[in-house]
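Here you go, one structure.
Naming follows writing order (A, B, C and D), and every chain is counted from residue 1.
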Amino acid sequence: MDLDFNLEEQAFRDEVRQFLATELPADIRDRMRRDDASRIRDDIVRWQKILHAKGWGAPAWPVEFGGTGWSKTRQYIFENECAMADAPAQLAFGIKMVAPVIMRYGSPEQQQRFLPRILAAEDWWCQGYSETGSGSDLASLKMKAERDGDEYVLNGQKVWNTLGQFADWIFCLVRTDPSAKPQKGISFVLIDMKTPGISVRPTRLLDGTYEVNEIRFDNVRVPVSNRVGEENQGWTYAKFLLGHERTNIAGIGFCKRELLRLKQDAAGTIKDGRSLLEDPAFGNKVAQVEIELTALEVTNMRVIFAEAANHAPGPEASMLKIRGTEIMQRISELQVELLGPAALAYRPDHDGSRATAAYLNLRKLSIFGGSNEIQRNIIAHMILGL
Amino acid sequence: MDFSFTDEQQMLLDTTRRFIAERYGFEHRNQVRASADGWSREVWAQLAELGLLAINIPEEEGGIGAGPVGNLLVGNAIGEGMLLEPFWSSAVVATHAIVALGSAEQKSKWLPALAGGETIAVLAHEEASTRFDAMNVETRATPSGDGWELSGRKSAVYHAPAANLLLVSARAGDEWGVFAVPADATGVRSSPYATVDEQRAADLVFEKVALAADARLGGDARQSLQAVLDYGLAALCAEAFGAMDRILAATLSYSRSRVQFGAPIGSFQALQHRMAEMLMHLEQARSMSYLAASRCTDPDPAARGAALSAAKALMGQAARYIGQQAVQLHGGMGMTDELDVSHYFKRLLAFELRCGTTDQHLENYRRQLRVA
Amino acid sequence: MDLDFNLEEQAFRDEVRQFLATELPADIRDRMRRDDASRIRDDIVRWQKILHAKGWGAPAWPVEFGGTGWSKTRQYIFENECAMADAPAQLAFGIKMVAPVIMRYGSPEQQQRFLPRILAAEDWWCQGYSETGSGSDLASLKMKAERDGDEYVLNGQKVWNTLGQFADWIFCLVRTDPSAKPQKGISFVLIDMKTPGISVRPTRLLDGTYEVNEIRFDNVRVPVSNRVGEENQGWTYAKFLLGHERTNIAGIGFCKRELLRLKQDAAGTIKDGRSLLEDPAFGNKVAQVEIELTALEVTNMRVIFAEAANHAPGPEASMLKIRGTEIMQRISELQVELLGPAALAYRPDHDGSRATAAYLNLRKLSIFGGSNEIQRNIIAHMILGL
Amino acid sequence: MDFSFTDEQQMLLDTTRRFIAERYGFEHRNQVRASADGWSREVWAQLAELGLLAINIPEEEGGIGAGPVGNLLVGNAIGEGMLLEPFWSSAVVATHAIVALGSAEQKSKWLPALAGGETIAVLAHEEASTRFDAMNVETRATPSGDGWELSGRKSAVYHAPAANLLLVSARAGDEWGVFAVPADATGVRSSPYATVDEQRAADLVFEKVALAADARLGGDARQSLQAVLDYGLAALCAEAFGAMDRILAATLSYSRSRVQFGAPIGSFQALQHRMAEMLMHLEQARSMSYLAASRCTDPDPAARGAALSAAKALMGQAARYIGQQAVQLHGGMGMTDELDVSHYFKRLLAFELRCGTTDQHLENYRRQLRVA
C-alpha cells in the first residue's frame, strides 16, 4: 500500500505543471480567476487547440484515435493539475461523452468523420437527453424519430441542454419505437445543429447567466447514417456513456483550487486581531471541509486503482459524485460566509460577486448529472443490494 | 401566553396580502425588477395610500402605531410578495429611528412625508469596520461652526439609491450620533448596485459633508442606535419568514404535480422526509419570528440582544436549509429565473447576510451564555 | 400576541416551584441528579402519593375523576417545573395512557374500579402494544384473545414493555377477530398481572439496565368485563390514546434541566485559561442547542395555545416529538463530549458515568413512542398532505 | 499509488479473521466479557501462538515487523471481533514504545516476553492535564540516588488492570521520559473499572515510586513519545474501521430481513438513503484509516500530526453517525444487549473519546491550517 504517487507519476505531474505554467494563456487564466471562464466558448476552444497541439487533446482516448493513451492515474493527475492551475475544463460533451460512444459503437466512417474534429475543437458538441417530463426518469423521453427512407424525421423538445447555444452538433436520445417498453425503443443519433427545423432558446438561470437551453425540433431531417449503433439500442449506449462521464466526477482539483482560495481569503480577513483562518469557529469549518476533501482524495484514488485493476467504472462513482459535489458546495458556502455582507453586492466588477455567483450557480452540482437523490438510489440498489 | 392577533392586526395582514395578490403578482414584480430603478414609485404611492408607510409612526404622531406585531404581519406579507420597494429601510427602520431619536421638530418635519411616501429615508450604519462588531463605527462627525462635518464610509446600504434622506450613524467625540443627511448633499458619493436578491443598495462615501446643528437626531445614541437596529432586525425576520413559508408551499405544490417514474415525486419517502424536515425548520423559524417581535422593544439590551441573536441565527439556518432544499427538490426548474423559487432562494440568501450574519449572531449569543 | 405567561400563570408557576422546593423529598431528588431515578419504583410511587395528597395527582384529568382540571398551559407549566426540579416523571402508563381511555370509553364500573387506584399509586400499570413482528407496523399485531364464555383466553407475546417488571396491571391490544382487516379485529383489554399464565422476562439493555420486558401470555383467562369499549374497536381507542400520550412530548423541562447541567459543567471545565462555555467551538455548540430549545419552547406553547382554542391534539405533536428528542439527544452528546476521556469509565460511582449511561439510554428517544421516521411519515401525510 | 497488499499482509488479515471466526464468536465473547477479568488468558496465549503479539517487533528482534500496514489489517479484524484482550495496549503501543525508545538491553529483556504474552505492558500517558494538550504531562520523575523517584497520576489507562508492566510518561527535569514500572511496585495504586465499551481500564496513582536507573527507556522522549502515540492512534483507527464495517453490515442484513407494513424495511427509500449515507461515511473512514497507516511513521511531526488528526476527527464523526444510525435502524433491537449492534455502538463511542476526542483533533488540525 502506498498512497503517494510513484516517481514516474511524480515526473508526469511535474511535466503537466510545467506545461500549464508556460502554455496556459494568462488572459484565460485571469478570466477563470475573476469569473468562471469555463462558460466562454473562445477560451475553451483556444485551450483545447493548445492541448491538441501538445498531443494532450484527449487524455482518456486510446492512441489509435489520437488520444494520449494515458493510464487512469495520469488522467486523474492531468485533470487535477489543470483545474488547480485555473485552466478551463475541456468540453465534456465531445471528448468525454459522445466520443467514447462513437469509438465503441460507431461505424469507421463516423469515427473518421467526427473524432478528429472533436480533438481539434473544430466541432462544438452538446447533449440532448432530458425533456420536460423526463429528468431523473430519463427513459420516459418522448422526442420522436420517424423513419422516412434514408432519414429520420425528428419532432420534440430537449431541455437542460448545456452550452448548446454554441453547438455545431448535438447527440440525442430519441424514441424510434413508441410501442416498445420505455428503455427498448430509444436510439442514439448525431444531429448537425444547422439542420433546418432546430431552434435554440437559452434559459435564463438564477445567477443571470445563460448556460442551458431548450431546443425544439420541428420536422428535423437527419440521415439514418447519423445513428450510432443499432436502432432501438440507444439506452445501452447511454448507460455506457454514463460510466465515462463519471471519470473524475469528484472534481478534486476544482475543490482544491477553491479551498485554497477560501483559505487565502480567510487568512486575509481580520477579526479581533487575528485572521478568520485562525478564528476557532470559522477555522474549524475550513478544517472540517479540508479533512473531508483529504478523505475523498484517497477514496477517489482507491476507485481509480480498482478500475485500473480491470474493473469497469462502477457504482462507486455515485459516492464520488455525492461527496464531491457536497464538498464543492460547502466550500462555496464558506466563501460566501467569509465575505459576509460584502457578498450581497451582485455586479460583475464587485469583488464579492464571484463567490455569490458561484454559490448560486453551483446549486446545479447536486441536481445535474443524475441528482444526488438518484445517486443515493444507485448506491442503495447497486452497492448495498437493497 | 397568547398567540392570537387583534382584529386590527389581522386586518393589516389581510390588507397587505390582498394588495400583493392584486397588484404585485410575480409577473408584475418581474416588470418592476427589470425597470431602471428596480422598484416602483406607483407601488410606493399605493403603499402610502393604504397607510402601510405609517405603521411605525405612533398614533399621536398621526400614524398607525402598529408596533412590532404590525411589522411581524406586514413583514410576512412583504416577504411572501418579495417586495422590491424600500419598505423595510424607510417605513420600518428609518421611520422608527426618527420616532425613537428625533426631536418634536424633527418628527413633525419628516414623519408626515415618510408616511406619505414623499420622503424615502434609509439608515446608513454598516461599515467594513462593523463586520464583527455592529457598534464599531468609524464614520465621524466633528463640530464645525454651528453644525457638524461628517466623514466616513458606509457599505451595502439597502435602498440607498431610492432614498432622498440618509440617516448616518457616526461617532461624535465620545458620543454616538445619528445624522440626517440629504442624499444630494455636497460631499456625498454613492456607488449603487443591485444586490443578490434583486434589490438595490449602495456603498456611500461622506467627504466632509457640512451639516447644520439640527441635523443630529437626539443626543448620545449609544443605547438607542442598537435598539433601532434590533427593531429593524425583527421586521427583517418577519420578511424572511414570509419568503420561507412561500418557498416551502411552492415546493410542496411542485412535488405533488411533478411526475417521475410514474408517480408524483412527493410520493417518494426520501423526499417526503426532506419536506417534513423543511416544515420543522419553518415552524421553528416562525416561533423565532414571534420571539423577535416580542422582544425587540425590551428595554433591557442584554435580553433583547440575546433574543434577537437567537432568532437571527436560527432563522438564517432555516433560510439556508429551506432555500437550498426547495431548489434541490425543484431540480433544474429551481435553477431558472422563470419560477419564483429561485427568487425566494436569493432573498433568503440575502437574509442570511444582512443585519449580522448567522455566524455573527451565533457568536453574539454564545458570548452571553450564562449559568442561571 | 404575548409570549410570556400572564400574572395568573406566573402565580401558578411560583406555587408549583414552592411546592417542589418543600415537598420533593431530598433523597429522591438526589437520586435523580446522581442517576436517573425515574426507573426506581419506590421513588415514583412515593412521589405520586405526595402529589395525590396535594390534589395534583392527575394534572390532565377532569375534576370529576379526581384530577386537577388544569388548563393545558397549567399542565405544561407543572410538568416543566417538576422536571427542572429533578422530580421523577409520573408514570405515564396509568395516568396519561390507560386512564384517558377508561374515562372516555370505559364503563362506570371500570372508572370506579381503576381510576382512584391509578391516582393513588395503588396500581402500577404498563402497556402491552408492540410484538416481535409489530413495531412501527402496530396494526399487524398477532396476540390472540379467544372468547370462551365470559372470558377471553389470551395467547401471545408482547415486547418493549416498559417497567412492566413492577406492574400490577397491563393494558393490551389483542386480536379478537383474526379474519378481519388488520385494524378492524383488535380489542383493548385490561389484565391483572397476577393472572396465571403470564410470565415476564426483563430485557437487558445496552446501558446494563432493565427497563423493558418481554411478556408471554399462555392461556391467560381474562373476564370479558375487562374489555374497554366494544369488541374489535380497540384500534380506535389506541389512536385516541396516542393523542394523549403526546402531551408535553417535547420534554422542554427535561431539556432545560439537562442543558443547565451541561452549561454548569462547561463553565467548570477549564481549557487554555478559560471555560469550555467560553470556548468558541464548544460554546457555539451549546449556544446552538440552547437556541433550538428556545425556539421549540415557543413552538410548544403555540401548539398548546392552538389545542386550547378547541383543536384536538394534532399531528403537530410529531414535530414536537422529533425536535424535542433531537435536542435532548444532542444535549446528551454534548455532555459526553464535555467529559471527553472521563466519559469512558462506566461504573455507578464514577462522575463520568451518568452522562455516558444517559447517552446510551437516550438513544431510545428517537425509537420509541413512534420512531422519528414514523413521525416524519405522519408529518408528510397528515400535515403536508403528500 | 498502490492500494494492494502483499501476500504476507493479506495472510496476517486472514489469520486474524479466521481465529476470530473460529474462537471468538459473539457468544464466546459474551462469556469472556462476563468473566472476572473481562478478558481471556487463553485467547491471549493463542494470539501469542499465532505470532500476532509479535507483529510490531522488527524481524531483527525476532518479531514479524508487520509495521503500520500490519496493524491496519490486524486492527480491522480485531475491531470486527471486538476483542477484549489487551492487544492494542500491549502488542501495539507498549511494544512499539520499547522498540522505538528502548536500549538493546531493554529490548532483549522485554520484547520476547511481550511476543510470548507473558509480559503485558501498557503505556500510561493520559492525565487530567493532557485533556487539551496531549504533551502537557504533570507526572514527574526526579533523580534519586542511582535511579529515579516517580510521582503523578494517570487516568483512563486502557488494559492497565491486565498489565504487569507500566510504561509511564513523565517530565524529568527539562526532558521527557518514559519509565518502566512493574505494576506491583511499591507506591503504585490502581483503581480499575470497566469502560463503556466493556474493556477494562484504571486510573493510576504513583506515589514516590522508586525506580532503578535502567527503568528509563532511552533519553529525552520529547519527539519519540508523540511518535509512539501517533503510531498507536493509527492502529486504533484500524480497529474502529473494523467495528464500523461490521455494524453497517449488520444493519444492512437486518433491514433486508425485518418486515414492517408488508415489506422489508430496507425497501423504504428514506432508510435506503440513510444507509447510502452510512456507506459513504464508511468509505471515507476507510480512506482515512489508510492515510493514518501511511503517515503514522512519517518522520516530520507536523505532517504526521496533521494526517492523524484529520483521520481521527473524520473517523470519530463517521463512528458516531454510523453507530447512531445502526442503532436507530435496528429500532428497539438495537438497544438490547442481545445483538452485537449495541456492543459495536459502544466500542465506537469509546473510539470517539480515546487518544484525543474528535473536537480536540479537529482543533489540532485547524491550528496547522496553512495557505500553501
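Following the convention adopted for this analysis, a contact is a pair of C-beta atoms (placed from the backbone, for glycine too) under 8 Å apart; a residue touches a chain by one contact, two chains touch by 3 or more.
All values derive from a computational prediction rather than experimental measurement.
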Discussion item. Applying the document's contact definition, name the chain pair with more C-beta pairs in contact, A-D or A-C.
Written reply: A-D
Worksheet item: Hey, which chain ends up farthest from subunit A, C-alpha centres compared?
Response: C
Item to complete: Report the inter-chain centroid distance for subunit A and subunit D in whole angstrom, where each centroid is the mean of the CA atoms.
Response: 42
Response to the item:
Separation of the C-alpha centres, subunit B versus subunit D, in whole Å, is 54
Worksheet item: Roughly how many whole angstrom separate the Cα centroids of subunit A and subunit C?
Response: 53
Worksheet, complete the sentence: dist(centroid_CA(subunit A), centroid_CA(subunit B)) in Å evaluates to 39
Discussion item. I need the residues of subunit B touching at least two other chains; which ones are they?
Written reply: 269-270, 272-273, 362-363
Discussion item. Where in subunit C do residues touch two or more of the other chains?
Written reply: 280-281, 284, 373, 376
Discussion item. Looking at the complex, which residues from subunit A come into contact with subunit D?
Written reply: 1-6, 9, 73, 260, 263-264, 267, 277, 280, 283-284, 286-288, 290-292, 294-296, 298-299, 301-302, 304-306, 309, 316, 319, 322-323, 373, 376-377, 379-381, 383-386
Fill in: Residue ranges of subunit C touching subunit A (in the complex, touch as defined)
279-281, 284
Practice prompt. Report the residues of subunit A in contact with subunit B in the complex, numbered from low to high.
Written response: 130, 133, 135-137, 140, 159-160, 203-206, 208, 212, 271-272, 281-282, 333, 336-337, 340-347, 350, 356, 359-360, 363-364, 366-368, 371-373, 376
Discussion item. Which residues of subunit B touch subunit C once you look at their complex with the stated criterion?
Written reply: 1-5, 9, 69, 72, 252, 255-256, 266-267, 269, 272-273, 275-277, 279-280, 283-288, 290-291, 293-294, 310, 313-314, 362-363, 365-366, 369-371
Worksheet item: Which positions of subunit B touch subunit A when the two form their complex?
Response: 126, 131-132, 155-156, 193-197, 201, 259-262, 270-271, 320, 324, 327-328, 331-332, 334-338, 342-343, 345-346, 349-350, 353-354, 357-360, 362-363
